[in-house]
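Shared between the two complexes below is chain A, which pairs with chain B and chain C, respectively.
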Partner chain A sequence: MASEERGRGRLLHNMPGLLQASLNPWLVRVRNNPERLAFVLHRVTGVIILAYLVAHIFVTSATVDEALWESVMGALSGPLSRVGEWIVAGAVIFHGLNGIRLILVEFLGLGVGRPERPKPPYVPPSLRSGQRKGLYLVFALSLAGWALAGVIMFAG
Partner chain B sequence: MAEKEWGRLPEPPREVVLRVKRYDPERGRTWWQEYRVPTYRGMTVLDALLWVKENADPSLSMRYSCRMGVCGSCGVVVNGVPRLACQTQIAAVASRENPVVTVEPLHNHPVVRDLVTDFTAFFEKHRRIIPHIVRRDMREVEEAEYEFLMTPDEHLSIYQYSLCIMCGLCYSACPVAASDPEYLGPQALAQAYRFIVDVRDEGYDRRIAIVDTEHGCHRCHFAATCSAVCPKDVDPAAAIQRLRRIVFLRRLGLWRKRKVAPLAGPLEKPLRRIRAEYPRHNLVEGADPERQAREPVDIDFREEWLRE
Partner chain C sequence: MRASTLQLLQYLSAMALVVLLGFHIIERVPGLSPLTPESYEESLSYEVVRRAYKEYWWVLALLLAAALFHGLNGLRGILLEWRPAAHRVINLVFVAAFIALLAYGLRTIALHLAG
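Our next item is the complex of A and B:
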């Protein structure tokens, strides 16, 4: 609990911090905000992809010997690592699809609605415009793609 | 913020338990305190806090002023959502099954005492984006003789953002502000956008240089919670995305201000002066018809107003 001298009392620094903000989509329990869930998932899947990438580069660069390569591949073909690969596949699918949506929204300002004269019940344009439909599409396609990846990886 | 029960709130429970997160700056101690508050129909969270201050615990500190959602002083976190205490009905956040209302100080702002938060840094960020009309020739604003011309459509493009009351709820809800204390925040960035697209303004290059930084508009990750909690429907999330588009296109040399509003200038036709007529019947108390007849008043009117 960092605090700062100010006159007689101290100010309490009241910030949830990076971990809380990145991992807890219910830090603010507001309704009508799936963008927050997408924000948290985007961060988490990004970290998963980064971890996989680093491990992948390490494994493929360290195992130059053919016998060592075979043994490592044998160790990595167990059911637990298959599940891990399936999770990485789901992370890549969601991160990629949501990334397309974010590029359209953040660089081109698409799908956030037009400014308007506010009327009750005060639902802002950005929460009911194209990007929201895009977000639902991203969720649906990610789930479908993840299920498809599971079918290909475990049934095949 | 959208209220789902808008217009059809149930009766609040007879008595609610108000759980308040308190902070004592002298001892540096934080604790939760519970108060049992009798309610009535139409009671707000601010009313409940004031009831506690008047009847149960005079040491409870909070900040409020207008009690009607205009001043933006009474932002607190009610049941995990940043809201204006004066606009939040007890009946909307408590029910007979769950009569507990938790009240915390706003997140991401330093706490001075109990529910009072320090807005110095927040206002400083607002000030940093130059929140006023900037002209090449500042005498046009400082020694203004005439207004700037603006069409209703141009006004509508900034009207929503100009409703901001600086209550700090968006900043409190923002996940980026929760981890980066330097981040300008949704409020300041939305105001930067509001002034950059304002046709009366010419200071866009200065403002773009201020927001085009690591802690400026590029820090936003579009969690859109700022728009979801805004009590005035200001929609900072959309403003920041459009601001970022302007900054992006400006870097590529593709954006320039299309139009800068000119001064209105003197009237083409002089106004017509007419003698004002006072009502002779149903006079208000204290009005003196004879004195009014002795001291007539002339009013300037436009021709077209007289025709109507």
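Our next item is the complex of A and C:
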């Protein structure tokens, strides 16, 4: 952690690092918090999809020439690429479904409720019945969609 | 651009992507695709891909812009959280990457429409 010794890093001493705060749900001690799991998965799948998007832009530029396109598709038709594509498909399905949930909850403010006093034992509204059901629905639909994508990709 | 405007665009591009990416994926599913490929494999044959570029070039162009903005702006947010002090470099790289990748993707679409 040499970078934390320099300048601004010292001010942020009490803050957990990026990995601890957002990318590793097992390092931050929270229990029974599907919202944190959704947040971490949203980030990880987002990065996976962006990497795929950049590669996709370059790969599809081969479509300008038929022979080139056939050779590129031949090189990317192995089982390893298929499994990679299936992982990207799962990432897109989860990111999309959770993104729709986020639009409804964060952008349109659906089911957020009125401001209230945080009386102990405090449970944030995002972890109470309605919103919790939304999170579980996203996880369930994502797994079902991922399985369906597998059927289409490997058997279709 | 203000951070709040970028975040608004992040939500708007997300909503656009639900529709555009939905169409882009349905294009590949035999039986649902307007390009009518015979199988999943067939959906990436040269003829089908070329027809997609010819007939739905504007969908692909909008999708390219929306996806690039949404993805790169998302990465920008992660990087800003990681290194708040480097916000100038991060914002510059975001703009440069967006313009460069958008130009490269549009070039592919333009080449299809020309030839």
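Some notes on this structure:
By our rule, the second predicted complex is superposed on the first by the 124 of 156 C-alpha atoms of A that agree within 3 Å, B and C clash if a C-alpha of one lies under 4 Å from a C-alpha of the other, contacts with A are read in each partner's own complex, and residues count from 1 in each chain.
Everything below uses one rule, namely that a contact is a pair of C-beta atoms (placed from the backbone, for glycine too) under 8 Å apart; a residue touches a chain by one contact, two chains touch by 3 or more.
Every value quoted in this text rests on a predicted model; they were computed, and no experiment measured them.
Applying the stated contact rule after C-alpha superposition, one finds that A:126 touches chain B and leaves chain C untouched.
Once the two complexes are laid over each other on the shared chain, residue contacts for A:39 go to chain B alone; chain C is not touched.
In the superposition on chain A, A:49 makes contact with chain C only, while chain B stays out of contact range. Applying the stated contact rule after C-alpha superposition, one finds that A:107 touches each of chain B and chain C. Of the two partner chains placed by the overlay, only chain C lies in contact with A:153; chain B stays clear of it. By the document's definition of touching, of the two partners only chain C reaches A:60; chain B does not.
Contacts of A:117 after superposition: chain B is touched, whereas chain C is not reached.
Across the two superposed structures, the residue set of chain A contacted by chain B and also by chain C is 8, 18, 21-22, 102, 106-107.
Chain C meets chain A in the complex at residues 11, 14-15, 17-18, 21, 25, 29-30, 39-40, 44, 46, 49-50, 53, 64, 67-68, 71-72, 74-75, 78, 81-82, 84-85, 101, 104-105, 107-108, 111-112, 115. In the complex of the two chains, the chain A residues touching chain B come out as 1, 3-4, 8-18, 20-22, 26-33, 35-36, 38-40, 42, 102, 105-109, 112-113, 115-118, 120-127, 129.
Across the complex, chain C is touched by residues 7-8, 18, 21-22, 43, 46-47, 49-50, 53-54, 57-58, 60-61, 63-64, 66, 69-70, 73, 92, 96, 99-100, 102-103, 106-107, 152-153, 156 of chain A. Listed in rising order, the residues of chain B touching chain A in the complex are 1-4, 6, 23, 25-26, 28, 30, 79-82, 105-113, 117-118, 156-161, 163, 173, 175-179, 181, 220-225, 227-235, 237-238, 241-242, 244-245, 248.
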